[in-house]
Amino acid sequence: MGAEWFKDVVFWALSVVAIAGAVGVVMSRDLFRAALLLATVFVAVGGFYVLMNAEFLAVVQILIYVGAIAVLFIFGVMLTRDVRQGNAPNRLQIPAGIISGLLLAAMIFTAVTTDWTTLAGAGLEAKSQIAQTQAVGIVDIEAAGRLAESGLSEQEVESVAGGGLADLLVGEFVLPFEAVSLLLLAAAIGGLALARGRGR
Amino acid sequence: MLSEALVWAIFLLPVASFLLIGGVIRPLGPSVAKAAGYVTILALGVGFVLSLWLLRSHAHGVVYDFAPHLWLNLAPGASVQMGLLLDPLTNVMLVVVTGVSLMVQIYSMGYMDGDESFARYYAYMSLFSASMIGLVLASNIVQMYVFWELVGLSSYLLIGFWHDRPSAAAAAKKAFIITRIGDVGFLLAIIFLFFQADDFAAQGLNALHIPDIWTAAAPIAAGGAGIVAGGALLWLCLGLFAGAAGKSGQFPLHTWLPDAMEGPTPVSALIHAATMVAAGVFLVGRFFPVFSESEGAMMVVALIGAFTAVFAATMGLAANDIKRVMAYSTVSQLGYMMAALGIGAYNAALFHLFTHAFFKALLFLGAGSVNHAAGTFNMMYMGGLRKAMPFTYWLTVIGALSLVGIFPLAGFWSKDEILLEAWLGTGAVETSVSLLVFVLLLVGVLLTAFYSFRMVHLTFHGEFRGGGEQELHDCEEAGQPAPTGVSHHVHLGESPWWMVGPMVFLGISAVIAGWVANPIGVKSVFGLIPSHWLTDYFASGLHDGHHAPPFSIAMAVISNVVALAGIGLAVLTYAWPRGFTNTDPLTRGGIIHAVLAQRYYLDHLYEGVIVGRVFYRVVAAVTDWFDRNIVDGIVGLTGWISRNVGSLIALAQNGQVQTYPLVAALGGLVIIVLYLILG
Amino acid sequence: MNAYDLYLISPPLALAALAMLVIVVDLLTRRTGLLVGLSFVGLAAPAALSAWQVADLTGSGASELAAEGSVVLHTLSIDKFSLFFNFLILAAVGLVVLVSTDYVRRMERLQGEFFGLMLLSATGMMLLVSANELITMYIALELTTLPLAALAAFLPNGRSSEAGMKFLIIGALSSALMLYGMALIYGFTGSTRLDEIAAALSAGAAAGAFPFGSMAILLAIVLLLVGFGFKMSAAPFQMWVPDVYEGAPTPMVAFLSVASKAAAFALVLRVFYIGFDALGGDWWVLLAGLAALSMTVGNLVAIAQRNIKRMFGYSTVAHAGYLLVGVAAVASATDSETFGPSSVLFYLSAYTAANLTAFFAIVCIGNRINSDEIYDYSGMVRRAPFLAITLALALIALIGLPPTGLFFAKIYVFAAAINTGESLMTWLVIIGVVNSVVSAYYYLRVIKVMFLQTPIHTERVRASWPVNVALGVATLALVWLGVAPMTLLGAAERAVSVLAGG
Amino acid sequence: MSLESMLVVAAVLFCVGLYGALARRNFIAVLMSIELMFNGVNLTLVAMGRWLAPYAVQDALSAVLTGQVFAVFIITVAAAEIALGLGIVFAMFRNTESVDLTDAAAMRH
Amino acid sequence: MPSGFNGLLTATVFLPAVAALLLATGIVRDARSIRWYAGIVALADLVLSVIVFVLFQPGGDRFQLIDRFDWIDTGTVQASYLLGVDGISAPLVMLTGLLGLCAVFVSFHINDRVKEYFIWLFVLQTAVMGVFTSLDFLLFFLFWEIELVPMYLLISTWGTGRREYSAMKFLIFTILGSAFMLVAIVAVFVSSGVGSFDMTRLLEPGGALDASRAALPLGVLFWLFFIAFAVKLPTWPVHTWLPDAHTDAPTAGSVMLAGVMLKMGGYGLLRVNAGMFPEQLANFALPIVALGVISVLYGAVVTLRQTDLKRLIAYSSVSHMGLVLIGIGSVAVVGGALTDAGLTGAAMQLFTHGTITGLLFVAVGILYEKTHTRHIPDLGGLANRMPILAGAFLIAGAASLGLPAMSGFVSELLVFFGAFRAFPALTILAVLGIILAAGYILWMIQRTMFGPRPARWDGLTDASLVNTVPVALLVISIFAVGIYPAWLTDVFRDGLEPIVNAYNLGIAGSR
C-alpha cells in the first residue's frame, strides 16, 4: 500500500468516519438515515480490513454487510412503515450510557495495558509444543523466535494471508463452514415462516 | 419365719378386688353392683386378719427384708426391686390400714347405697387400699414412690368421685397438684440417691433399697457406710420431707386437705383422716434413721409440724363445715406427729398415728352419719341431733374426747407421750427447739378442745336449724349456688346398721387403742400386752431404738387441764347464750375471725394470686404470647420476607427487553470490579 | 475431509439431514402424524450412529476418537462426554417431538418448519457439546439459538413474537459480548483451540498483577461468562427466561429448558475444565457466586408467580444455580476431580427427565384448557389424573425429594461441593439446601392446587397416545433415575473422565 | 496505526453499539446497533491477527488467519441473524402493529 | 459390615406400601371393604413388627435381621439397600406397627376419598418404618423425605381448620431441617475414608469419624444433624409447626405425627448424634440439655393456656420431647462412668410418649367425631355419658403426667436419673415440669370430662367398638410398659450399650 504515514492518515480518517457514523446510527432519530450511516460504518470497517492486509475480508464485508445487510435493513424499515415514527431513545439512556462507558473504559484499559506480544509469544510457543506432541506438524521454535525479533515484512504477511484463508475455510474450519450453511438455512426457514405470516 | 406369700396376699387381695370390680362387676352393670362391696370387704377382711396375724407373729427387733424381685436394673449400685420390708412400723400400719379400711368399706355399704357409681366407688377404694398397702410394704424407695403416687391417684379419683360437681373436680385437681409439688421433693431425693449410686455400689449397697439407705446414712462410727452426710444428707431429708409434707398436709402444702372433703365422707374418713395423710408421717418414720442423722432436718420437721398443729387448729375454729373442722383437725394432728418425729419421739409419733386413725375415722364416719340425717355438712343448719341419733352422738363425743386427749381415751395416751417427750427432749434436736414445740403443742391442745366441742355443740345440742332444706332455701334467697353435699333429703333418725356398726367398732377402738400400747408401763395387761408394748415394738424396728419415757402424772394432769379448759370455753361460748340461732359468736372476733375463716387467705394467695394472676395470667400468658407472636412470628416473618423479596426482585423484571442485558452487563462489571478489588 | 471425518460427524449430519427431510416432506403432505413419526423414527439414525461411536470408543479403550489427518478433529472432539450429551439431546428432542403432536396439530401450518427448526437446533447442540474450538462453538451456539428464536416467535400472537424478539435480541447481545471475550482470548493466546489456549495460559498465566494474571483474561472470562450465563440462564443473566418461557410455544420451551441448558452446561464444562484449567483456583469462586445468586433469585421470584410457565422459567434459573454448584466444585483439592462435572452430568439428566415430565404435562393441560395460570389447574387430578400425578411427581423431583433422580442429583452435586473442602463451598451448599426448602413452597403450591382444590370445570383433559407415551417415558425415566441411578451415574463418571484428562 | 489504536477504535464501535442496543426503542435500530458491536468484534479479531502475524510462522500460519476466518463467520452469522430478526420484526409488526420495544412488555414480573 | 438377606424387615417395611399399591390398582372399591382391608393389612404389619421385636435377641449381634443388597456402586458412590434393627430401632418398629393399626382404626369414620386416604396412610407407615430400619444414610434420608408427602397430603386434604397452612408449615419446617441433614450426610459421605453411606461402619467401635478425615469440622456436622432432628422432635424454638400440624391433622395424622414421626427426631439423635459423634455430644451436652429444659418448661407453660384439645396435647408433646434431649444430655456425665439410665430414658420416652400421646389423640379424635368440637370451654361433664372415653383420657393423662404403673413414669424417672448426674441444677428445673404437667393434664380432664354437662351433650354415646380397639391396644401397651418395663428397657439398653461403652471408653481415653 503506501508509506506508513499515509496508512496512519487513512487510519485516522477511517476512524473518524466509523466512529462518527456509529454515533450517528445510535443517535439519529431518523431510522432511514441510521441505516445509511450504518452502511457508511460498514464501508469504513472494510477500509480498516484493507489497511490490515485483509482484502478478502474487506470484500466479504462490503458484499455481505453493505450489499445485503444494509439493504435488508432498509427493506425492513420501509416494510414496517415505521420510519417516521422514528428511532426514539428509551428511558435507559443514562444507565446504558454509564454501562457502555464503563465497559469501554475497561476495554481500552485492557487494550492499552496488555502486553499482547509477550503473551501471544508465550502462547505460540506452547501451541507449537502441542503441535509437536500431537505430531500434526513440526514447528521450528528458534526460527519463530528469530522471525519475531526481526519482524516480518509486509509482503510476507500479505502472502501468508492471501493464500491461507480459503484453505482454512475448507480445511481446518470446514466443520463450522458447513454448520454455517445449516445456520443460514435455519435462519431462512425461520425468517420466511415468520415473515410470511398467517396466510399461505 | 413369716411367709412371704401371705404378706404378698395382703397386698394382692385388694389388687384382685380392684381388677375384679373394674374388669367384671362394673361392666356387668348396676344389678350386680352390690357384689363390689362384698368383694372389697372380703378382700380387706382377709387382709385385716392376716395383718393381725403378722402383728402377732412378728418377733421384736426383727426387720424382715424379703429377697426382692428385680423390676428395673438401672446401674451398678442402683436397681429398682419390688420387695417387701416388714418391720414393726409396717406391721402396725398394715393393721391400721386394713382395719380402718375394712370398717370404712362396711360403712360405705350403707352410706353409698343407691349411688349410681357404687361399683366404681369400690373399685377406687380397692385401688386405694392396695396402693396404701403397697406403700407401707415397699422395700425399695422407687417402689415406695410408685405406690405413693398411686395413692395420690386414687385419692384424686375418690375426691373427684362425684365429678359432675365442679367443686369436687376442682378439689381433686388441687389435691393432686399440691401433693405433687411435695412429690417433686420426694422424686428429687430419689434422684439424688441415684446420683450416689457409685458410692453405694462400692460398699455393695443398693442406693434405692431402703435398709441400704439407712446404712448409708449412718456414720461409719456407728457401723454405717456414711455415704450420705452433711449438707447432702440435709437436702435428701428435706426432699423426703417435702413429699411427706405434701401428703400429710403440712404447712404450707396443707390447703388441699380441707378441700378434699368434697369426696364421699367414708373416703374422707379412710384417706384424708386415717391412712393416706398418715403416709407422710410414715415416710418420715420410714426414713427416721436417715433423718435422725441430720439435726437440721429434724428441726425443720419439728418446727413445721408444731406450727402446723397450731396453725391448722386455729383455722378449725372458724370453719362451719363439719368435715372441714375434721380436716383442720387432721392437719393439726398430723402436725403433732410430725413434730414428734422432729424432736425424735419416733415411738410417740407412730403411737399417735395409730390412735388417731381410729378416733379420726370415727369422727368422720360420725359426720357422715350426721349428714345422712341432716342433709348438710354445715353445722349452722344442724343442732339438736342428739335426740334423733343417740349412737352417733355418743360415738362422736367419744371420738371428740379422744381427739382432745382426755384421760383415759386413746388420744390421751399418745398425745400425752408426745408432750412428755417434747418436754423432756430426746436429744435429737436442741432443747430449746423441743421446748418451743412443747409450748406450741400445748396451745394446740387448748384449740383442739375448743373446736371439737364447738363442733359437738353446734351439731348435736340446741335446736335443729333446718338442715339441708333450710340451707338450700337460704342459698336460693341469697342467689348463691348450694355447696356440695346438701340435699333436701332430711330425715332425722339414726343411720342404718351398716353405718353404725363400724362406728361402734371404731368407738371401742378409740377407747382402748391407747391401752393396747400399755402406756403407763403396767407390767402386763391381762398377761397379754407387755409394758410399753407398742412403743417398744416400734423402737425395736430401729437400729438404736429409743424407749418411751415413763408415764408422768404431772404431764397428764397439765394436758387434761388444758384440754378441759378448752372444752369449758367451748361450752361457755356456745351453750350459754340460750338464744343461739344462726350466728356464730366467734364472728364477733371481727377481722381475726375473717382471717381464720378465709384460711389466712392462703388459698386465695395460691390459687388466686400465684397460680391465677401471676402464673396463668402473667407467666403463662406472656409465654403463650411470646410463642404466638415472637417464635411463630419470626417464622411468619421469614416466610413473608421470602415471598416479598421475590416480588421485589420481580419488579426489575419489567418486561423491557433492554433492561435485561443492562442488568447482565452491570453484573459483569460488578464481577470485574469485585475481582479487581478483592484480587 | 475424508471418510473418517464423515463418520465422526455423522450423528449431527444425520440429524441435519433429517431436519431437511422433514421440511421437504412437509411440502408434500399435510399429515401431522407422518411428520411426527418421521421426526421421531428418524432420530434412530443419529442415535445409532452415536451408539456406534460409543462402541468404537469402548472397543478401543481410548478417551476420544482420533485419526491421522482428520480435519474435523481440529474443531471437534468426539469423546464420551459429547456422546453422553448426544444421547441426552436426542432423548429430549425425541420426546419433545412426540409430545408436540397435539400442539402442532392445532397450528395447521408451518408444521414441517416447526419440527425442522427443532431438529436443526438439536444439531447445533450436538455440535456444541463436542466443539473444542471457539469458532465452532460460536457457530454451534448460534445454530442452537437461532432456530429456537424463530420457534419462540412461531405462534401468531403478540406474546409469542415478543418472546421471539426478546430471545433474539438477548441472544445476539450476549453473542456479541461473548465474541469480544473470545477475541481477547484469541489475541492473548493466538489460538481458538481449547487445548492450545490451555497450554498458552499455563505458560503465560503467572505474569501480571491482575486476577487470572491479566486484565485481558479477566475481561475475557467475564464476557464469556456473560455469554454463557445467558445460555445457562444463570443469574444475573437470566432475565429473559421467564418472559420467553411464558410467551413461546410450550413444547419449544420444554426443549429449550432442558436441551439448550444441557448443551450450555456441556460447553461451560468443556471450556472451563479444558480451556481455563490452568487458571486454577480463581474462576470457581465466580461460578460459586453466580450459583448462589441464581438459586436465590430463581426461587424467591418463583414464589410470586401465577403463570405456571413463568414459574418454571424462574425454576430453571434456580436449577441453573444448583448445576453451577456442581460446576464450581471443580476446585476440589482432594482426590477425584471428576466428582464435580459428573455430578453436573447426572443432575442435567435427572433435570431433563423431571422438567420434560413437567412441561409435557403442562403442554397437554395448557393445550386443552388454553391457560397457563396456576389457578386454572384447580382440581386437575379429577380432570386428568395421569397428567396431574405425573406433574406432581415432576414437581416433587424438582424439589429434590425421593423417589426421583433429582434427589440423587442434588446429593451428588452437594457431595461434590463439600468434597472440595472449601468452606465457601460448604456455605454454598447450605444456601443450596435452604433454597431447596424455599422451592418446595411454590412447587407444592401447584400440587396443592391440582390435588386439593375443587375443579373449575369438570371437563376431562385428554391427550393423544403419542403424548401419553412421551409423558410416560419421561416419568419413567424420572423415577428410574431415582430408584436405580447406578447406570447413569456410571456413564456420567466415565463421560467426565475426558475432562479430567484434559 | 498500531494494534492498540485499532483495538481502541474497535472498542469504541463495540460500546457505541452496546449503548444503541440498550437505549433505542426501535427494534430495527437495536438490530443495527448490534451489527455495530459485531463489527467492533471483527475489527478486534482482524487486528489481533494482523499484529500477531510476526509471531506466526510456517504452519502456525493459521494463527494469523484464524482471526479473519472468525470474522468471516461472524459476518455470515450476523447476516443470518438479521434475516431472522427481520422475520420476527415482521411477525411482531403484524401482531402488534408496532416495532417499539418499550411497548412490547406484555410479559413482566 | 453386616450382610445377608433375611427378608423379614423388608416385608415389615414394605407391606403397607405394597398394600397401598394394590389399593391404588383398585382391587377393593367400596369404602367399607377398603376400611377392613386396611385394618387387616395394618394388623398383619403389626404382627410382623411384633415378630421383629420378638426375634430381636438382646446380646446377639448389634444389628440383626439384616436385609442388604448393593444398590449403587460406581466406585466413587456406594450406597446399599440395608435394613436392620438393633435395640434402639426394634421397639420403635413395633411402636410404628402398633400405631399404624390404631391409625387405621380411628380412620373408619373417614368418608371422603377413602381409598386415597388409606393409600397415603400406608405410604406413611412404610416411610416411618423405613427410617427406623435403614442403616444406610441414603436410604435413611430417602425414607425421611418420602414420609413428608403422605403427611402433607393427609393434613391438607383430610384435616380441619387452617389445614393447608399447617400442612405447608409442617412441610417447610421439616424440609428445612432435613436440608441441613442432607448437607451433613453428604459431608460424612465425602469424608475421606468413608466413601459410602453405610451407617454401620460409622457406628462400629472406633469407626466414628475423626476430625482429621472429616470433610467438615465434626462440630459443624453434629449441629447440622442436630438441627434436622431437633425440628422433627421438636425442640424449642423450632416447634411451632407442631401445634398447627397436630391441630389441623385428621386424627390418624395426629396419631402418626405424635406417635411415631416425632420419634424419628429422637431416634436420629440417638442413632446419629449420640452414636456417631460421641465427643461432640459430650461437649455440646449443656446447650442441648438447656434446650431440653426450655422445651419442657416452655411447652408446659404454653400448654396451660391452650383451649383447643389437640393444640394442648401438641404443646404437651413439645414439653415431653424436651425430656428426650435431657436424657441424651446425660452423656456429659463427669466423674464416673456413664450409666445408660439417661439414654435408656430418652429411648423409653420415645416409645412411651408414642403410646400415650397416641392414646390422647385417639381419644380426642373419638371426642371430635362425636361432638365436632375440640374447644375445651364447649365441653364438660362427658364422663357420665362416655365412660370409656373418660377412662381413656384419664389413663392417658395419668400416664402423661408420669404416674407410676404407667409407661410415662419409667421414662421420666430414667431421664431424670441419668441427667441429674450430668446437670443437677437443670434437671431439677425440668423435674418442676412434672408439676406443670399435672396442672394442664388435670385441668384438661376436669374441664372436658368432669363438672356439669352442657345440655347439648346429653345425647352423646360412648366410643364405638371399632374405636375401642385402638384405645384398648394403647392402654394395654401403656400398662405393659408401666407395670413391667424391663422387657422394653432391656432391648433399648442392648441397643444403647455400644454407645455407652463408646462414651466410657472416650472418657477413659481422655484421662
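Order of writing sets the labels: A, B, C, D and E. Residues in every chain begin at 1.
The rule is simple: a contact is a pair of C-beta atoms (placed from the backbone, for glycine too) under 8 Å apart; a residue touches a chain by one contact, two chains touch by 3 or more.
Everything quoted here is computed from the prediction, not taken from an experiment.
K.L.:
Among all the other chains, which ones are in touch with both chain D and chain E?
P.N.:
Both-contact set = B, C.
K.L.:
How many steps does it take, at the fewest, to get from chain A to chain E if each step moves to a chain that touches the one before?
P.N.:
2
K.L.:
Could you name all chains that are in contact with chain A and with chain B at the same time?
P.N.:
C, D
K.L.:
What's the farthest chain from chain B if centres are computed as the mean of the Cα atoms?
P.N.:
The chain farthest from chain B, judged by C-alpha centres, is A.
K.L.:
Contact counts by the stated rule: is the higher one at C-E or C-D?
P.N.:
Pair with more contacting C-beta pairs, C-E versus C-D: C-D.
K.L.:
If you average the Cα atoms per chain, which one ends up farthest from chain E?
P.N.:
Checked the centroid distances; the maximum from chain E is A.
K.L.:
State, to the nearest whole Å, the distance from the C-alpha centre of chain B to the C-alpha centre of chain E.
P.N.:
Result: the chain centres lie 37 Å from each other.
K.L.:
Between chain A and chain C, what is the gap in Å from one C-alpha centre to the other?
P.N.:
Distance between chain centres, rounded to whole Å: 30 Å.
K.L.:
Could you work out how far the Cα centre of chain B sits from that of chain C, in whole Å?
P.N.:
The mean C-alpha positions of chain B and chain C differ by 78 Å.
K.L.:
Centroid from C-alpha atoms only, then distance chain A to chain D, rounded to Å. What do you get?
P.N.:
8
K.L.:
At least two other chains touched by the same residue of chain B: list those residues.
P.N.:
If we look for residues of chain B contacting two or more partner chains, we find 639, 647, 650, 653, 655-659, 661-662, 665-666, 672.
K.L.:
Multi-chain contacts only, two chains or more: what residues does chain E have there?
P.N.:
As it turns out, chain E has residues touching two or more other chains at 172.
K.L.:
Pull out every residue in chain A that's touching 2 or more other chains.
P.N.:
As it turns out, chain A has residues touching two or more other chains at 90, 92, 95-96, 99, 103, 106-107, 116, 120, 124, 127, 172-173, 176, 180, 183, 186-187, 190-191, 193-194, 197-198.
K.L.:
Pairwise, which chains touch?
P.N.:
A-B, A-C, A-D, B-C, B-D, B-E, C-D, C-E
K.L.:
What does chain B use to touch chain E in their complex?
P.N.:
Contacts found on chain B: 70-76, 78, 142, 145-147, 149-150, 152-153, 156, 160, 163-166, 168-170, 172-173, 176-177, 180-181, 184, 187-188, 190-192, 194-195, 197-198, 616, 619-621, 623-624, 627, 631-632, 635, 639.
K.L.:
Spell out the part of chain A that touches chain D in their complex, as residue ranges.
P.N.:
4, 7-8, 11, 15, 18-19, 22-23, 25-26, 31, 34-35, 38, 41-42, 45, 48-49, 51-54, 56-57, 60-61, 64-65, 68-69, 72-73, 75-77, 79-80, 82, 85-93, 95-97, 99-101, 103-104, 107-108, 111-112, 116-117, 120-121, 124, 127-128, 131, 136-137, 139-140, 143-144, 147-148, 151-152, 157, 160-161, 164-165, 168-169, 172-173, 176, 180, 183-184, 186-188, 190-195, 197-198
K.L.:
Could you pull out which chain E residues touch chain B in their complex?
P.N.:
Residues 169, 172-173, 236-237, 239-241, 298, 301-302, 304-305, 336-337, 339-341, 381, 383-384, 398, 403-405, 409-410, 413-414, 416-417, 420-421, 424, 427-428, 431-432, 434-435, 438-439, 442-443, 446, 449-453, 484-486, 489 of chain E touch chain B in their complex.
K.L.:
Touching chain D in the complex: which residues of chain B?
P.N.:
647, 650-651, 653-658, 661-662, 665
K.L.:
Looking at the complex, which residues from chain D come into contact with chain B?
P.N.:
18, 21-23, 30, 101-102, 104-109
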